[in-house]
Structure formats: C-alpha cells, structure tokens
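Take a look at the structures listed below.
Each of the two complexes below includes subunit A, the first together with subunit B, the second together with subunit C.
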Partner chain A sequence: MTPRGARIGRSLLLLAASLLFLGYVLAPVAWLVSSSFQSESEITSKPPHWIPHQPTLKNFEAIFGAGERDVTYETRRKADPSSGGFIPSTAKNLLPSMWNSFIVAISVVVLNLLVSVPAAYAMAKIRFIGRQTSIYAMLVTRVIPDIALVVPFFLFIRKLGLLDHVGSLIVTYLAITVPFSVFILVSYFESLPDELDKAARVDGCSRLQALLRVFLPLALPSLVAMILFAFLTSWNEFLLALMFTQTPASQTMPIVVASFTSDFTISFSFINAAGVLAVVPPVILAIVFERYIVSGLTAGAVKG
Partner chain B sequence: MGGAWRQHVSDYDQKSAMLFLAPMLAVLSVVAVFPVVYSFWISLFDLRLTRPRSVPFVWFDNYAHVFADPLFWTSVARTATFTVMAVSAIMVIATLMALLLNEEFRGRRILSAVLLVPWAIPYVADGLMWKWIYDSGYGALNGLLYQLDFIDKYMVWLGDTRKTLPLIANAFVWKEVPLATILLLVTMKSIPADLYGAAKVDGANVWQRFLHVTLPALRPGFMLVMIYETMMAIRHFDLFFILTEGGPANASHVLAWDVYVETFRKLSFGTGAALAYLIALITFLLAFSIIRTMGKKL
Partner chain C sequence: MARIRFEGVGKRYPNGFVALEGLDLDIRDREFLVLLGPSGCGKSTTLNMIAGLEEVSEGSLFFDDALMNPVPPHRRDVAMVFQSYALYPHKSVYENIAFGLRMRNHPASEIDRRVRDAARKLEIEPLLERRPNQLSGGQRQRVALGRAMVRQPAVFLMDEPLSNLDAALRISMRAEIKQLHHTMATTFVYVTHDQAEALTLADRIVVMKDGVVQQTGTPDEIYEQPRNTFVASFLGNPPINYLDGTLEVEGREVSFRRGGLRLALPPHVAQRVASQSGRAVTLGLRAEDVDEHGTPRVDETVHGRVTSVLPVGSDQFLGVEVEGRPQFFRVGKEMRHREGDNVALVVNVNRLHLFDRESGRSLVW
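Moving on, here comes the complex of A and B:
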C-alpha cells in the first residue's frame, strides 16, 4: 500500500472506531434524554420515536410542580396519561431528596478534607514509627464490601438514634470515602520534593504550618480530585441510604428515584425526567473536571 | 527502609504524625475494625428483629444454616456467572477503547471526556435507564431490533430467566468500562516507544506488535482491572434491586441480594451477618492476592 493510502485507511478505521465508541457510551443516555422530552402517549409509540416529534417539558413541570398537587388513586385515574399527569405519589419527594443528597455530599466533602489532608501529609512526608503499617491498614479497608457494613452499621446507628436522619449517612459515607481520599492525596504529596519540607522547617515553620502554607497550595489538583470523588460517591450511593433512611426527611435522591420504578403504575416519561435530573449534576462535574478525575483515578495505578 | 529510619525519628515528628493521623485512625476503626469484629459477633447470635427480646448465642449455627440453604448455593452460582460474564466483557471492551484512545487523532479529547459520563452517573440512574431500554412493551431494544428486522414481534427481555443475568451484566459493564479503560490506558502510555521501534525493525506487523509488545506489557494493568472489577461484581447490589429484585424465579438472586433478603425482608440479622461475613472473606482473599501482586512490583 502507498503511504497515502495507508493514511486514509487509518483515518477511516479511526473514524469508524470513534463512532462505535460514541454510540456505545452515549446512545443509552441520549435515549434517556430524548424520552424525557416525550409525552406518555408519544413514548408508548411502536416503533419508538428516537427524536421527539412533539417535544414537551410537561414531565419536568410535573416534577417541579409536584409539591402543590395531591396524588391519590382517583386523581391519577382521572389524569390523562398523555398529559404527563400520571405521576407517582412520591413525586413531591424528589426535590427535597436532592437537597438532602446535596447536604450529605457537602458535609462528607468538608469532613473528608479535615480528616484526610493531615493524615496524607503525615504518611507522605513525616518519618515516624508505624508509617508502613498505617499505609497497609488503609489499603486493606478499601476492600471491605459495603454490604458487609450494613448489619453492624444498622445496629450501631439504631443505638445512636440516628436512623432516618441524614447524620447516619454522613457518618457512614465518611467511613467509605476516607481511605480513597487519603490514597489520592498520599500519592500526590509523595510526588512533591522533600526539600520543600526541609526548607519550610529551616525557616521555622511547624509541621502544621509547612502543611498549610507550603504543601496545600501545591496539592490543589489532588484536592480537587479528592473533593470530586467524595462528592460523587455520596451523591450516587444507594445501598446504605436504602437501609438507613425511611421517610422523606432523610431520603436521598437515589432512594426516591428508585421508589418511582417500583410504583404501581409506572409512567416512564416521568421516571425518565427524574433520571435526567439525577444524571445532570454528576455529568457536568465529570466533564468540567475531567483532567483532575483522570489523574485522581490513575494516582494509585501508576505506582501499583 | 523502615529500619534505617528508626534511629532518625525525632520525638516531635512522631508526636505530630500521630496527631495528624488521629482523625483518620478514628474513622478507620469505625469503618474497618468495628464492623468486622462486630458483624462476626452478631453472626454468632440468632438475632431476629421480629423477636427482639430473646437473642440466644448459637455458635456457628447461622453459618450451618446458610450452607444448608439451597438458595445460598443458587446465589453463589448466580454471582459466579454474573462476575465471569461482566469481568470478561469489561476486559475486552476496555482494551479496545484504550487502544483507540492511545492513538493520536483529532477528536480524541472529546472521546476521553465523553468516556467519563457512564462513570459519573449514579447506579440508580443507570438501572432505570436500562430498565426502560429493556422494557418489553415500549423499550428501545425491542424498537431497534424490530426496525432492523432482527425480530418480528416485541420480546420479553428481563423477564426471561435465560436473559436476565446477561442483561444486568450489560448494564453493569456499561458503567464500569470507563474506569477500566482509563487504568489500561495509563499502562499503555507507560510502554516505552523503543519497544515498538525495535519490533518494527524486526519486521513485525501491526498485529504482531500488538500480540508481542502491547499485550505482555499490559499485564499489570489487566491484573489490576481484573481484581478490582471482580471485587466490584461480587458485591454488586444496586442493579439487582432496581432491575429485577432477584427475580424472575430467582434468576438474578445473587449473594448481595441474598444478604438483603435475609436481613431486611426476613429480619434475620444473625444469618445476614454470617452471609455478609462470607462475602467479606471472599473479598479479603482477593485483596490478599492484590497485595501480593503489588508487593512483587514494588
């Protein structure tokens, strides 16, 4: 083959592969978004309308207006499904649950910073007895499955009287996020030169001052990665929230969205709109902070 | 290296290190030490929330009970099937995607940004999205296959016991592939370019270079992804809850689902704890192999 022919062949191959890639990754999400803009009558057409013929915002209106409406069996029966009025009785819990998710995620992020930053600095930059052991101990905790935490945590939280309180989620999410946060930060701190630490100490900085004034500003990329992971883990977590929350007072977004799927008459148009709302915040974070996330995810992998 | 340090550790350093570590150690004892010890303790009692006043100590009866339950062995088989299907699919798809992203071409940056979408979304959203796609009445899968003339009438998907596990595995794979791809891509980028140059000089074609240079060099990445994804698949719960609740006819009754049923449907916390302890043990054995493989590399 001529070099030019080979180049064109390569381009075509890459194009085909890229299209396959995009199709695999995006098609399911695109279909979710497309169906969230369709009315119940359009969504039930056979074959499906891949692009809405009469796009509607009714499903989203139903979510944002759900607070003022009382949903009973009778009102649902009377409601015309095609108007998007066929909403589950738990619909009005969705917005408060997103607020709960937000509160939990932010609290977990803040506590993570307070706990993980000093620990990671100590492990990476201070020579002390028990350093190797603490690094191993931390790695081991990463492999305990959440499902094994459920029973002991449940009994513990019941004893504390925190069942059905967002506090129970903040405590348990802190427990599952801290090991990974420390892991990301340790690998980053280790990549910063030891001389910085020595220089700061010679200048009369205490350990805490060296951490706050010298290392924290330099470690910003890993802090961003850590914050994102703690936030996304808390925002997305399902299993523990399912066990520890019972009423809208503490239910988080995943729990309320899951409750829609088991409602007795499923209105797919409504559920899809709820799904879109659940997906938007994490996807925006992921795309905007892509660089930080990838470097965070690979922090441990490169070193092995 | 720890030994050489010991003489140089100053009192001040030791004290400040302990102070810096204290909050993390407190949290770790809550996440690791407490649940592991406490759930083992619970697993020795016949603790039922339906009968809170009498909690007899039963030694290992809960474990005997678990092993005698045919549904437990069903769930072991289902979990194994799910894990093998999911992990092998993740390995193949992630390798192909990483090979693509390892090339230099216009638009590569867009692909790698888009790749994070499945990784970022909650499992609940992943579950409801695929539930809607698989829907037997109006789902996209039926619609697509029908329009392409692969089927002549709409079919039952999740409700068909032979298809349930592969379909759930597909929803799991779609969400796990991005992380696996990223990890494999880092390993690929660390392969020295001279290796390819040398292979080219030796007259190796693209396929031979992939087979004899890329694949062997990817081994550490493969190991990492395989072990990590196996651990994730064995313990997975969310999709089984959203998509099928263990059904139809126990076709998707996996170990994690079994723990949930024992604990929160039958309210038998003793057996639930015993089951969870078994899952944790399996995972620990895998973790041991992780540390061993990593220990060799360090």
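Moving on, here comes the complex of A and C:
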C-alpha cells in the first residue's frame, strides 16, 4: 500500500472505531429519550423502534400532573394518561425528590468549595508537619468501599438526629467527595509555581487574598472539574440515600425513580420520562462548563 | 529606606535541616548587598526571611529598629523579583504591574501614573495590554522589575533575577539594575551564584556556604583578600590555582616550597608566618597573577609544561603542569604556546595567597 493509502486506511479505521464507541455510549441514552416520548404499548411492541410512530408528551404530563392525583389500585388504570399502562403510586414524589436532589447536590458543591479550596491550598503551598501524611490519609479513605461505611455512617447520622433529612445526605456525601476534590485541587495548585504565591504575598496579599486573587482564577479548570465531580456524585448517589431516607421529605431522585420499579406494575414509559428529567441538570451543567472540562480533568496529570 | 539587621538569625526546618546558622549582618540603608554562594548555601532563605516568606526560627530580624520576626510579608514594605519572574498569567502586563498598588489601595489615577511611568522607564509601554505568555524572557524580566519598581518599596529584593536570560541580555540587564539602584535610592538585596554579577553590582558581598557566612566585604576585599579557600575558589575565572607545600624560613626570608618549586613570600605575608617553618600550607595563585614576559627571577618563577591552550578571544587560558599539579593561567594571546612546550612564568609574589592546609583558613587575611 502507498503511504497515502495507508494514512487514509488508518483514518478510516480510527473513524469506524470512534463511531462504534460513540454508538455504544450513546445508544442507551438515545433509547431513554426516544422511549420517553412513546406510549407503553409502543415501547413494548415488537420490533422496538428508535423513532416514535406516535410521539406523545403524556408521560411528562403524567409526571407534572401526578401531584394533583391520588393514585390507588382502583384509580391507577383510569388515571394513566399514557395508553393504558400504569403510573406508579409514588409518582407524585418525583418532583419533590428532584428538588431534594438539587438541594443536596448544590449544598455539597458549595461546601466542597468552601472546604476543599483552602485545604488544597494549604496542602500544596504551606509546608507544615504531617502535610504529606494528611494528603495520603485523605486518599486512603477513598479506598474503602462505601458499603463498608454504611453502618458507621448510619449510627452517626442517627446520633445527629438527621435520619430522613436531606442533611444526612449532605454530611455523608461531603465525606465521600471532599477527599477527591482536595486531591484534584492539590495536584493543580502544586503545578502552579511557589514563586507565584510568594509574589502575591510580597505584593500585599494575605494568604487568603493570594488564594482568592491569584490561585482561584488560575485554578478555574480544575475547580470546574471538582464542581462537576461533586455535583454528579451527589446527584447520582443511591446506596447511602437508600439507607438514610425513608419518606418523600428527604428522598432523592434515584430512590424515587427506583421505587417505580417496585410498584404493583411497572410503567416503562413513565420511568423513562423520569430518567430524562434526571439527565437534564447534569447535561446543562456539562454544557455550561464544556470548555473547561477537558483541561480540568487532565490538570495535574501533566505538570506545567 | 531601611536598614536591615540580622542578629543571630537561624533557620531550622521541621525535618531538622539547618538552612542558616547564626547570621549576624547589618545591611545599611541604600546599600546594594549581594548574597553569593552555591545552591543550598542559605542565601535564598536569607532573602525570603527579609521578605517574610520564611519564618525566622532563631534570632531577630530588624528593619531600622522595628522587630520584623512576626510581621507577615504583606505588612512589610518590600518588593521582590524572582528568578522565574512569577508574573500572574491571568493578568495583563498593566495589571501585573498595578497589582501591588491595588492591594495597597492606592487611588486609580496614581496607579495609572506610576504604572505608565515605570513602563516608560523600562521601555515596555507597547506591551501593557499583553499577557505574560506573549512576552519574551527579557520582556518578562522587565515586567517583573516594573512590578517591584512601582511599589517604591523600602527594600528591594532580587532572587537570581538574571539566571534565566541569555548571556548578552544578562550583561545589559546588569547595567540597568545598577542604574535602577541609583535612581531608586533604596536598599537592594540581591541573591546570585554568579560571581560576575556579584562583583559588578555589589557595594558589599556576603559569601555563604552551608548556611554560614564565609566572608563579608566589598567586591575588592572579597577578591583580593579571601579569608579561606572556599571564598578564594568561588571568585575568579579561571578559578584560583592551589599548590600544597610547606613553609621554609631562613632568617627573615620566608618561602613556599613544593618539590623543586620555591617561591619567596612578600614581607607582609612573611612576617605573619615567620616562626612556622615546616608548616603544611596551601598556596593560592590567581590565574592572572603571572607574567610570561617578565625575566625569570630566582624564587619568583614557576616552570611547567603546557598541557592545553584555550583561547578565549581577548586572551587565552594556559593549562600548565607545575610540580605534578595541573594549573590554569590567563596570559596574553600574542604568546604562541603549543602543548608540550616548557614555559617559565613570573609570579607576582605580592599577590600570592597562603592558606592553612588543614582548615583552609587564610594565613594572610
């Protein structure tokens, strides 16, 4: 083969591999979105189809209208607007749970910033006794699987009187996310030269001002990575939420969506519409911060 | 304006490493003081202590009569130029220079006036809107100088500011820094490991090694009257030559002897070591203190065989084996030496240095 032919062949191979990978990643999401606009009968029809034949918004109407209805065994068939399937009896919990998820995720992000940024700055730029040890100690906590922490967490949360309260999730999610957030930021702050810190302080900055006026603007990409990480972890977390929440007062979206599958009968169209709603906030966040994401996630990997 | 005083200052790190020991130093107001030494000698630590960037673990540091130990850097009236320039990458050149003034709440009009003034002096006016990553090394260096200048600080600190520049630029910047010292009329403390920078810039040089001051003095004193072999070797290009030997006293004449080599010591040296016949000493002979044109005289001449000839443009370095030891001398380039030639070089005995072989301490100064 000529060199040019080899180059084209290589490009085509890479393109084919990329498309395959893209399809593999995106197909479930595409099916989720597509089926949320289909009626229950259309979803279960054979063969299944990607493009809805009779697109319907009734699944979403059911979600947003669920609060007004009381769904019981007797009424649920009649109440279901989407083509004779069922809507779950816990449907009306969906929107409140989304709000709970939102509160928890935003709180975790904000508290993460407040705790991790100063911690990372101190670990990266202040030489104190036990500095290395504290960095390793934080990382080691992340080696322990969450399931091993559930019981101690549970006892702790009960002592605090936070059971069935969103506070329980905020506290435990912080414990899970802060070590990794600090790790992301430490590696980035360490890549910024010490002399920059010194220059800022000689120029008249206190430690805090040096952090706020010099380091934070420079660390923006890794801050975005940290924000996304904390938000997504909180938004998606299931295990701890299942343990610590019992009522709609504190249940988060993954718990409520999961509960739809344990109802009398399962409505896939309804669940998929709920799934679409669950995907929206992270996607919006990703689009807003898109230009920072790649540089942020690789920050610290390569120094300089 | 400030006088800086170190009294018994030491720096000990938590891991036990001692970076600085028992430093007593009085830096006069408006003086240009250079801290000179190899890396790890404690010179940067000393500078960082003046800036407040490192805590003083022992002793006291004063600005005029005010104890500065507990004062954080942003409350000290110091400005600093760093080796890496340490410009803020996210700010324009203008904002980099203005930052220190903004942090000290100067009025906007005054900030603007001072920034433009400094930019004009440093000839970086067209660059004010650029970001640091759009500048060359020399331009960044100027911005870093500007950032320190506009503050009009009481103390101006420089940490190897020229090390990252190419050789030609380094020499012209030396002149500019000297000029800057004249116009600013403030105390300058300058850290370098480059002897040429130290000799050209300093009013006084402090030579340091392993956290201990070896000698403090004017450039001439440091060069002409080194207190020990470390100081003597650190300055001079090519470095000073050493020959181990013994003292020989005959009446009032004292001479240095090594094998077949005998050099008469001048009276000011002779009188100090008159009673120490047989003492093991090290002779120091600066590369330029020989004269290949002189008429060879007894007891004032070294003989040897040329091992290398290294022309350096203005003159040439001659490698000569003297009494089994390789030595380097600086001679005029009109001499046509070849490897293997035998040469006789007349020594300027008045400029000989003599050190104790054991301790390396000067027996003269």
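The criterion applied here is as follows: the second predicted complex is superposed on the first by the 270 of 304 C-alpha atoms of A that agree within 3 Å, B and C clash if a C-alpha of one lies under 4 Å from a C-alpha of the other, contacts with A are read in each partner's own complex, and residues count from 1 in each chain.
The definition used in the following text is that a contact is a pair of C-beta atoms (placed from the backbone, for glycine too) under 8 Å apart; a residue touches a chain by one contact, two chains touch by 3 or more.
Please read all numbers here as calculations on a predicted model, not as lab measurements.
Novice: One more residue to check, A:Cys205. First (subunit B), second (subunit C), both or neither?
Specialist: Touch partner of A:Cys205: subunit C, not subunit B.
Novice: With the two complexes superposed on chain A, say which partner A:Pro193 touches: subunit B (first), subunit C (second), both, or neither.
Specialist: second
Novice: Classify the contacts of A:Val214 with the two partner chains as first (subunit B alone), second (subunit C alone), both, or neither.
Specialist: Touch status of A:Val214: second partner only.
Novice: Based on the superposed arrangement, let me know which partner A:Ile129 touches: subunit B (first), subunit C (second), both, or neither?
Specialist: both
Novice: Decide which partner touches more residues of subunit A, taking subunit B and subunit C as the two options.
Specialist: Here the partner covering more residues of subunit A is B.
Novice: Quick check on my understanding: which residues of subunit A belong to both its subunit B contact set and its subunit C contact set?
Specialist: 127-129, 206
Novice: Of all residues in subunit A, which touch subunit C in the complex?
Specialist: 127-129, 193, 195-196, 198-206, 209, 214, 217-218
Novice: Quick one: in the complex, what on subunit C touches subunit A?
Specialist: Counting only subunit C, the residues touching subunit A are 13-14, 48, 51-53, 72-74, 78-80, 82-84, 86-90, 99-100, 103-104, 147, 151, 157.
Novice: Hey, which residues of subunit A end up touching subunit B in the complex?
Specialist: 11, 14, 17-18, 21-22, 24-26, 28-29, 31-32, 35, 43-48, 114-116, 118-119, 121-123, 126-129, 131-132, 134, 136-141, 143-156, 171, 174-176, 178-179, 182, 206-208, 211, 232, 235-236, 238-239, 242-243, 253-254, 257-258, 260-261, 268, 271-272, 274-275, 278-279, 282-283, 285-287, 290, 293-294, 297-298, 301-302, 304
Novice: Quick one: in the complex, what on subunit B touches subunit A?
Specialist: The contact residues of subunit B facing subunit A are 2, 5-6, 8-9, 12-14, 16-21, 23-25, 27-28, 30-32, 34-36, 38-39, 42, 93, 96-97, 100, 103, 105, 107, 111-125, 127-133, 135, 137-138, 140, 143, 146-147, 154, 174, 178-179, 182-183, 186-187, 190, 220-221, 224, 231, 234-235, 237-238, 241-242, 256, 259-260, 263-264, 269, 272-273, 276-277, 279-280, 283-284, 286-287, 290-291, 294, 297-298.
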